[in-house]
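Each of the next two complexes has subunit A plus one more chain, namely subunit B in the first and subunit C in the second.
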Partner chain A sequence: MICGWVGKVLRVDLTNSKISTEPLREDWAREYVGGRGLGARYYWEEGDPKVDPLSPENKLLFVTGPLTGTNASCAARYMVITKGPLTGAITTSNSGGHWGPELKFAGYDMIILEGRAPSPKYLWIHNDQVELRDAQHLWGKGVWETEETLRRDSGVPDTIVACIGQAGENLVRYAAIINDLHRAAGRSGVGAVMGSKNLKAIAVRGTGGVRLAKPREFMSASWEMKAKLKDSAVTAEGLATYGTESLVNVINEHGALPTRNHQATVFDRAEDISGETLTETRLVANKACFACTMACGRVTSLPGEASDKFSVNTSPRNWNIAGEGPEFENAWAMGSDCDISDLDAIIKVGWLCNDYGMDPISYGATLAAAMEMYETGAIDESVTGMPLGFGNADALVAMSEKVAFRQGFGDQLAEGSKRLTARYARPELFMGVRGQEFPAYDPRAVQGMGLGYATSNRGACHLKSYTVSPEILGIPEKMDPHVSEGKAEITKIFQDITSAVDSSGLCLFLTFGVGLEDMLPQIVAATGVDYDIDTLTQAGERTWNLERLWNERAGVGKGHDKLPRRLTHDPIPGGPAKGLTSKLNVMLPEYYERRGWTADGMVTEEKRKELGLPKA
Partner chain B sequence: MEVPTVKLLGGLRKFGGAQQAIEGGTVRVVLDTVGVPNDLLFPEGEVLNRDIEVLVNGRNIAFMADLDTPVTDEDRVTIFLHGARGYPGG
Partner chain C sequence: MSKQLRIIPEKCTGCIQCELACSWVQTGTFQPARSLIRVNIFDDQASYAPYTCFQCEEAWCMNACPINAIGISDAEAKVITPELCIGCGLCVIACPYGTVWYNPDKGKADKCDLCAGDPACVAACPTGAIEYVETESTDWLGTWAADLNRTRSEIDQGEPS
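The block that comes next holds the complex of A and B.
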């Protein structure tokens, strides 16, 4: 077995309580590197594209990368791969914290979960001891209590837990899987898939390590990358000081911060929810994942009167405790998109989302769509049960609980904004792609992001081709965010490189400070595989095309690379990007051409052979 | 005298507060008087630090007249330090 890997896959048949191990496919590990790519290859083989995502027939994969658990900076990531109940597409949600490394230390590269347990269970992994255990006593509990209970009851204090909260149990279509209390495999509803399998948690303790092919070379390369991270202001200081929240003001100043369900792109109270304000008023400390040298996590508190300003039944008081977040995406989705500038409400709901186990982007954006429906008369208080106009912070807090428990109007919000807006014949108010809500960059003001969203295999996502780098930060070169020229090329390149990074086990945030070329020597030294930049990038391209082919079989491939009409036809009403619409119609044909696909977006037979992709 | 509104973001705020009115004319004049140390703005002489971005009314000066971009009372200048070196970013 090539190094970097344990060489073992854990397969769990939940229906029959059957647990087995099998060798990792080394050929696939070489071709796809690991993580997202390797998971996609397994899922291609085993995941039926026509299956109901919430049925026992859907499979749920937890996959590490070859660097996960090493002491490379930010080598903490694991990837969850399944068919997303929000999107119907292949989803690849990844998380940091300590869970991925712990799985590796226990002796497993990945877990494949099949079927549905007849009653609530949790999976206990302690090196070679693997058991399905009763979880009846945990069902109905939030993430935080579940983690604490499992750790306490196991008698193994260093146990690391990935689990679902009430949102996953209740099949909220954007339920997340949470590990280490606050780290999330957040998007597309992977938590609902876990809930549909009656699997509450996976608790892991491992005492092994990760074999490296060339330890000396690995350490040398690792220190070189750490030095570069220290040299970059953003990875050395910026993320630690302000977190991703620093982007609120940056993006707003560019006139690209979606506001009131994308009706505007400038939020006049952005300062109130900014990273600067968070740091000055509510930040307790920053926090790092396993092996992280950046520490962008936000440990926050609601002190004094703020402590009990907002409450829900499951969390009537805060008792001056500290939670984590918000990140930029929380602050945007639950802030400007809902026209809410109460930072305490956003912090509180961010904590609740972690405890309930649900994605704050889709929650906030779905609520924003509901608020527009409410203000335009599509729904009223007889439907919502409370006033739901823009700016209602009390509703933001209250509805989060109702969504997690599917109570009242929360049951409709739990379906996501595509289904919600369709239900009331207002589909034009859905702001997303492939059923998944947009992240925090308006595609009219940052043209490349529109192409990235439209073509993202897992539905609208900023983490698959972050063209904000050249369009806002000028890296690797400055590109005008208002024009479409050059965006097809950069989007394709970024998608392929990002796929490779996602497959390595490293955190994508590293790429604020270093490039793939800085990660490459560690991947080579860890695995012993003679990758170079071209083969690594091609592995990323292979992954991208395989995901696309899977989506094609699932019926969400070509023809779904679309943006809402609001973004392609309604000019931005004011601010720095006033008058702009997305030029997706210009960028998309060039993108298909650069991908080597057909004019309507199909992966060609020639491209399939070039990349060595399997046949359908 | 032209006095545009200048907004500093993030780590640059320690040099002058969030928002201030500063003598303008051009971006170059603003940068000379904003309070951010010159060796941070121009570590290699005349060329603006690649880690710093300057916007006038939300547009990066790289797409206008760079440091010679004119600014008036009506304009808003935003200055931020990012320090990003890699790509494709997070």
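The block that comes next holds the complex of A and C.
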């Protein structure tokens, strides 16, 4: 057995309450490294691309990486793989916290969930003891209450819980799976898949350890990477001081902060929702995930009056003390995109999204699309039930509850903005790719991100090729964000490397301070597999191509690499990127060529053979 | 005067690198369940605090041991001699701080031995929340708790902090 792994897969048939274990496919672990790649390989074998994502036939995979649970900095990650109800594409939702490591300590590298439980259940894992238990008493509860109840009732106080809130139960298409109260496998609706299976939670306690192939080498490699992280301005200072929120002012100053459903890219009140303001006014503490030496998590509090001002009926917890966030993506989607600069409202809704278990990016962006529809007369108050113009912070709070419970207009918002805008014959107002809403960087002002969004296998996503690093932050080297030259090349490289990082069990945020070459010695020493930079990057490319092939079979491959017309045809109206449109039509053909695909974006037989990909 | 572990809870981010480092020393693997320093995560109070044996002068564990398996090392730590330990668990019960653990894998008791004067948890902490320092009083924990209690009661009485 290669090391880093436990060597065991847990398979749970929810329909028949059958629990079994099987050996990990070592050959796949080697070829795909782990996490995202390994999950894609299993899902390729077992996941029917034609299946309805919310049917019992869809499978739901939780997959760790070979470094998950080690002391490598940020070795906290696990990946959720399934067919996303928002996108119809393969999901790759990644989360930190302590849950992934705990699963490994319990003795399992991954979990495969199949079928649908006849009534609400939760999965209890305490080392060798694995049981499906009744969850009737938890159904209808938010994430906080679910976690607390499970920890208290289990009699095992160190239990780590991943669960869904009401949004997942009610099949909100962008429902998330939340672990450790605030960490989310956030996007594409993985929480709705869990809800469709009648599975409320997976509670884990493990007392085992992670075995390494070359322990001494591993320890010195992990020390080296930690030392480098300490020297980096972003990982040691920026992220630690202001969290991801440090980006609000930076991105706005570059004229790339989407505002009013991407009608503009400069937000005049960005300072009000920035990391600097958050740190001064509402920050309580920095919080780290398992083994993280950066601690970008923001624990925040609201004074009573601010919290009461934005209250809802269904979150019984006293929220005044401390929740987490907002992250940059919350601040953008529920802030500038909705033309809202009330930081307290954004903080509160961020907490509510965590408690209900739903993705604040898709929620905020869907609301922004609805606001534009409202202002342009496509919908009115008879549909929405309340005024829904841009800038309405009260509506931002109130609608989050209505979405999670699918009440009133919330039922329509819960479908995501692609379906919402189509319903009212305004599909041009959907700002996303493959059914998934954009994250916080306007592709006209950061050209590489446009190509990255358009080609992202999980739908629009910033975490699959974060070319903001070179284009805005100058990491590893500065590129001009306004031009399309060189972006096809860098996007392919970033996609492949990111796939490799996502597969290792490490956090992508490491790449602000170190490169794949700094992670490599740890992956080699942990697994004992002789990866080098080329084979590791190729494993990433293999994963990318396999996801693409899967999407092709699901009908969301080629022909779906598109951006909304607003981004390719409407020039940015003002600010530092004034006059720009996305040059996707220039970048895409070069990208396909560099990928070795056909001119219309199909993975070729040669590429399939070169990467050793399985046959359809 | 001797060197002791001193913990600064306000600096802790809850990353448990100290647990990983300690479990590495104990087992040669990453196994937080065998760490002899533990981080308590109190989410609703935004408080994360490592705790471990602070080598108290009373040495409750040492006094409780029926076969004298606990002694004092050169680093002035109370250490268990595994060859002598019979795994009766009296020291675990005796410790008022809950920092002696029973290790089911070995069938013996485990506690912090200050890594013979070079504590791995201190080196591993990325935020400097654990220090290994010369100190007059070993009972810094008691002082800290008293301070905390005082602060709390002031808060309760509505006095400005």
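Side notes on the structure shown:
Everything below uses one rule, namely that the second predicted complex is superposed on the first by the 610 of 616 C-alpha atoms of A that agree within 3 Å, B and C clash if a C-alpha of one lies under 4 Å from a C-alpha of the other, contacts with A are read in each partner's own complex, and residues count from 1 in each chain.
In the analysis below, contacts are C-beta pairs under 8 Å (C-beta built on N, C-alpha and C of every residue); 3 or more make two chains touch, one makes a residue touch a chain.
As the structure is a prediction and not an experimental result, all values here were calculated from the model.
Superposition of the two structures on subunit A leaves subunit B and subunit C fitting side by side, clash-free. With both structures placed on the common chain, the touch criterion links A:Gly513 to subunit B but leaves subunit C unconnected.
One of subunit B and subunit C touches more residues of subunit A, and that partner is B. Of the two partner chains placed by the overlay, only subunit C lies in contact with A:Cys289; subunit B stays clear of it. Once the two complexes are laid over each other on the shared chain, residue contacts for A:Val210 go to subunit C alone; subunit B is not touched.
By the touch criterion defined above, A:Val468 reaches subunit B but does not reach subunit C. After superposing the two complexes on chain A, the closest approach between C-alpha atoms of subunit B and subunit C comes to 18 Å.
Within the complex formed with subunit B, the subunit A residues making contact are 228, 231-238, 241-242, 244, 246, 249-250, 253-255, 271, 275-276, 463, 465-470, 472-476, 478, 480, 482, 493-494, 497-498, 507-515, 518, 575-577.
Within the complex formed with subunit A, the residues of subunit B that make contact are 7, 9-11, 13, 18, 50-51, 53, 55, 57-60, 62-63, 78, 80-90. Those residues of subunit A whose C-beta lies close enough to touch subunit C in the complex are 69-71, 98, 105, 181, 206-212, 215, 219, 226, 230, 284-293, 295, 297, 299, 301, 321-322. Touching subunit A in their complex are the following residues of subunit C: 13-17, 20-21, 23-24, 27-34, 43-48, 124, 126-127.
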